[in-house]
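Just below sit the structures, each encoded as structure tokens.
Here come two complexes built around chain A, the first alongside chain B, the second alongside chain C.
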Partner chain A sequence: MKAQNKANGAPKMKHRNETVWSWLFMLPTMIFLGVTALLPLLYSVYLSFFKYKINLPNAVPTFNGLGNYIKMFTDKTLAVSTGNTVLFAVISVALELVIGIIVAMVLCSDMLWAKICTTILLIPMIMAPVAIGTTWRMMLDGTTGIINYLLSFLGIPSINWLSNPKYAMPAVIFVNVWQLVPWVAIIGAAGLKALPADCFEAARIDGAKNSQIFAKIVLPMISPLLVIITMLRFVDAFKVFDTVYTMTNGGPGTATEMLPNYIYKQGLKFFDAGYTAALAVMFVLIMTVVTLIFLKLRKFVEEKVA
Partner chain B sequence: MRKKKEKEVSVMDDVIGNFAGRPARVIIVAITMIAIIFPLYWLVTSSFKVKADYLANPPVIFPHRFTLESFRQVLQMNGLLNQFINSFIVAAVSTAISLVFGSMAAYSVARGRFHKTVRGAFGLWFMVQKMYPAIATAIPIYLVMRNLHLIDTRTALIIMNTSFNLPLVIWLMMGFFEQVPLEMEESAKIDGATFLQKFFKVVFPVTKPGLVAAGILAFIGAWNEFLFAVILSINKSKTLPVVIAGFITDRGLEWGPMAATSVITLIPVLILVLLAQKQFVQGLAMGAVKG
Partner chain C sequence: MRKKFVSALLCTTMIASLGTFAFADDASAEKPFEGQKLTVLYMSGVYADAANSMVDEFEEATGATVEVIDMPYSELHEKILLDLTSQAGTYDVIDVASQWDGEFAPYLTDLQENIDKDGFDMSEYIDNVLANSGEWQGHYYGIPNASTPQLFAYRTDLLPDGLADTWEGFREQLASVNDPDNGVYGDSISGIAGQLGGVFDYVLWSMGGAWADEDWNVTIDSEATRNALEHLMAVQEYCDPNWLNWGTDQSIQAFLDGSAAVCETWPTLGLTQAADDPEQSKVVGKWALSTIPYDQTGTTLLSAWDCSIPAFSKNQELAWEWIKMYTSMDKQNEFYENYGILSPRKEFWEQDGIKGTYMDQVREALDTANMWWRIPASTQVDSMLNTVVGSYLSGQEDLETTIADMQAGIEEALEAAPPEEGVKNYNR
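Our next item is the complex of A and B:
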């Protein structure tokens, strides 16, 4: 009773105190992210209007107006990279989603074997993407690679996976699928296990087949989760860098050149800070639009299910 | 009660697991497991192969000559221990900082006293921060670090990894804090607990599993981070992923030492995840549901 009186006695003070503490708790993060993320992003916007070669010791930024942005329209490699990025993202995410959900479904069991398989699934997720890229590069090697050797038993002639423009992109997509199917499967399995089992029981008593239960009950119920998985994967696929860098570095030619790798090259190989900044700004804008579209889609699906 | 639970599980197991029939299920599981395990088998055996074997054509699938030569080469000649320590310090320190700052911010957003708009704005900021491409700030960060003479230092990498991990930790911890029943906090408040006391004495103890989950995800993220590690390090502050990538760009075809370095890089995070698999999976699922 006494404590309650005390709390009621000074509610205003108490609220103000809480507000102050809330802001104080937020402050370290605000400062940290402000300095390491927001300001650099603004600096990128600023630099995008300048000509600035950062490999020259005494170079100073000179104003260039919209020059860097205009340059984008005549940059053929940029057009190719953008197309590649979209192609890569769409195909790899589609494959990851379908395969990942199938794997999640077949592993939907509480038996020991399923637990062991789940543990194995975690490994590609925790492996450094760089190591994944180099390991597959070793395995896909044209002469000493194990993949060509195994394929030779099927009568398939030796393929230079990473140095043939026709096969490099499928190879990079394949490795991304290998890397991220486990992620989709683990998240998908968590979602499937949370579904109410009595629904299935009831449907089964009514004589529904497993495939019908899947199409009519399971799929609609997990569709909001599928949208989220697609969104996270799609945004992530746009940012692919480590595996591309180690497997092909964009080559052969521009066959697997994608935006992050291209931006990296402009900045740290050609040292064109202004143009890099303009590309970065454009990239952020694209990503924002993609994210917004997915957020809308997610809202739409969630409302439809609810 | 227990019996009912078992029955539920078996229904799920059958309806969802056998959606395409039992034989198909066995085949799919087998193919998936082989597809995952074979590259790992190849990586591990390559690290123990003699040079003639890892460069052999046709490739040697079942080696019968084993050597530690590749490990000796990377550890003794290339001084991989230094880079291992770099990776560990960068990952551990950035994880610690982002856990402290991140859980404070997350608690503030989840349960602090903010105007609705302010709360929403913070939520949006941290989500955008999680999505935006790191490459967008690469050049400005490089220039600033160069001016501050922080290129090739662990400090620079710790700062950047903390920056990447903060939104992740905040986002996960927000989910965990929101699960704490409001009544628990209300009753503590009635007993006269201040904001700080509520955070440390009431909420913190019950969200420890969440903290472990966020910590593991942050550590693995920083341990494997490559883009900024390669931009900001020249020699002294190189981390393990930079060394692995270096085998491709600098030397080429040194599959043995490359595989040995990859194995050394994988082992610590593998142990970490095996020790706390439950929290790791929980963290992944939470991240997606919240995302």
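Our next item is the complex of A and C:
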């Protein structure tokens, strides 16, 4: 009996040891994340219930209940910037996804030209967003910019890209798409290359056209990847800051005012720590919900593909 | 013999040692800050360039080492404020835009003791500039080092009689010279968010309007505000259609290229330096400066900077030495020659080559120019004005909604960051 108990106890002990070791290995990361991410987040949640203007001498946080959260519902600029950010994110990501996958299909060849094109496509990705914003701001200038000069050859009259609210948002979306289509294309190309070739050969033998192969085979097979790309791009687009800041600084008026820029102003221009914390908490909550929806969607799509 | 030799050697060594100590004492007397490090913070551009040009001379004179850090204007306020409120003492000298004086004052060293100790004569500064820059509630927290009023540059060939005294007359002049088909617009203005609020301010002030009265009662819902906004809307017709996205550099470049008859600008940020250089300008010999139309008050916007010492700096004395050198008459002249920085010292404007030139217009404007509020709420109000004026001019909001937004925005800023008790509003 004792021997049997010993025989049963050994794997249990081993399992327990493995658990202890795995927790020990995770501990430094957990401590690091706790100190750098969790504690600031918890402090932000705490601060969001207080009034605290840190640029006032001898300022101390005073309890404000849900005041900062209620203020959000009457904040006109917040409503505008949230609307702008959603519009920016949805249109940018949709365009990046469509154009990116088309480019990916062209790039997934193993030929030399595809490798050269891939390298060239990396350039917008590795450029600093501030440099991109500044360069495009000059190129999109209505009077001296090269874009209007080139359009004039097509008989298109001068467009005030960044000073007219009608065109300012399309202009910043265009620049974001230009910057991030390569990212989608490169990830997409990697996914396409990983697809099993025998499926396509079988489809061709069965007489399927290219469009049918794409719609019935390629698209379903890469759909989990597309969900991940969409999620990453969507979350990233919601955080857009540098490019828009350098191109328009949110203007004209509030035409390109985005949520991150608005939160930045509240925090580091007006030093309203309480309201900024509340905005940041809401921002994190919304992004968490969006991410969870995408993860559910990914699971659903993966199960469907399987 | 050996004893004599040893004695002589000892004597020589002692004399040599004494000499060395004496020399060392002299050196430490000459360079009392040997081994200390001074960190100074300036706005990127000419002010930081001027600081860098002074480093060698200052290090030679004091024995200290100097690190000049520069930040663009858009980041300067937050960097300084975070350093001051966290009491980090990263910077020993900071160059403060005068609109931040009241906000930063609780964290700055009162310079009165240093001023008294060195007999620093504050009456050498232009009264209006000093009242708006460095001095706060009867205390000196900074020594002014640069001051520029917002002025109008204009084409003397197109507007030989100068500029009108009223905004209405000014608009008529713009209409008469506006000829976009031939590449000349009437006016060139920097209208990007960050500059547009200031443009609105000087039009408002000169029309007799203000953000609030002396007791901080908001007075923005006024006829003057309506007139100022309507004026800007009307002036758009005579501007390049892209002006709402133009920075100062672009508005000045348009004037230098001969594409605008008038340029509403900070003249020393590139215009006065380039306008008479044939390689950089198409308006050589055909331009002049003017004060803004007087209308009701003639009050224009003042850009002024003062050097201050954070209270948590560990190098207070050395910092004061830096400020003395940076703001000295010799250096102010040198900085004007090399970087076009305008001195707030009265004497500067009396010199040959300055007095009797177009610079008289600049000097005249410095006597009445105004900075907006200098309390903690000012940044929020200025930012809000930039946004709502931009919304109005780009057709996103109508006049009455714009004014209602201004009223609400100013009240909200004052409620969130009320002025300290006893502080009156004398900055409009």
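The criterion applied here is as follows: the second predicted complex is superposed on the first by the 279 of 306 C-alpha atoms of A that agree within 3 Å, B and C clash if a C-alpha of one lies under 4 Å from a C-alpha of the other, contacts with A are read in each partner's own complex, and residues count from 1 in each chain.
Assume a residue touches a chain if its C-beta (ideal position, glycine included) is under 8 Å from a C-beta of that chain, and two chains touch if they have at least 3 such contacts.
All of these numbers come straight from a predicted model, not from anything done at the bench.
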item	value
Partner chain(s) touched by A:Lys265 [first = chain B, second = chain C, both, neither]	second
Chain B versus chain C as contact partner of A:Ala190, first or second or both or neither	first
Most chain A residues touched (candidates chain B, chain C)	B
Which of chain B and chain C A:Gly251 touches, first, second, both or neither	second
First (chain B), second (chain C), both or neither touched by A:Arg137	both
Which of chain B and chain C A:Ile54 touches, first, second, both or neither	both
First, second, both or neither for A:Phe283, with chain B first and chain C second	first
Partner chain(s) touched by A:Ser223 [first = chain B, second = chain C, both, neither]	neither
Partner chain in contact with A:Pro182 - chain B first, chain C second, else both or neither	first
Interface residues of chain A shared between complexes with chain B and chain C	54, 137, 143, 249, 268
Residues of chain A defined as touching chain C within the complex	53-58, 76-77, 137, 141-143, 158, 160, 162-165, 248-255, 257, 265, 268-272
Contact set on chain A toward chain B in their complex	3-4, 6-7, 15, 17-19, 21-23, 25-26, 28-30, 32-33, 36-37, 39-41, 43-44, 47, 54, 102-103, 105-111, 113, 117-131, 133-139, 143-146, 149, 178, 181-183, 186-187, 190-193, 195, 197-198, 200-201, 204, 210-211, 213-214, 218, 225, 228-229, 231-232, 235, 238-239, 241-242, 245-246, 249, 259-260, 263-264, 267-268, 273, 276-277, 280-281, 283-284, 287-288, 291
Touching residues (chain side chain C, partner chain A) in the complex	77-78, 81-82, 85, 103, 106-107, 191-194, 240-246, 250, 376, 379-380, 383, 386-388, 390-397, 405, 413, 416-417, 420
Partner chain A, residues of chain B touching it in the complex	8-9, 11-20, 25, 28-29, 32-33, 35-37, 39-40, 42-43, 46, 54-59, 61, 100-102, 104-105, 107-109, 112-114, 122, 125, 128-129, 131-144, 159-160, 162-163, 166-167, 170, 189-192, 194-196, 199, 220, 223-224, 226-227, 231, 240-241, 244-245, 247-249, 255, 258-259, 262, 265-266, 269-270, 273-274, 277, 280-281, 284-285, 288-289, 291
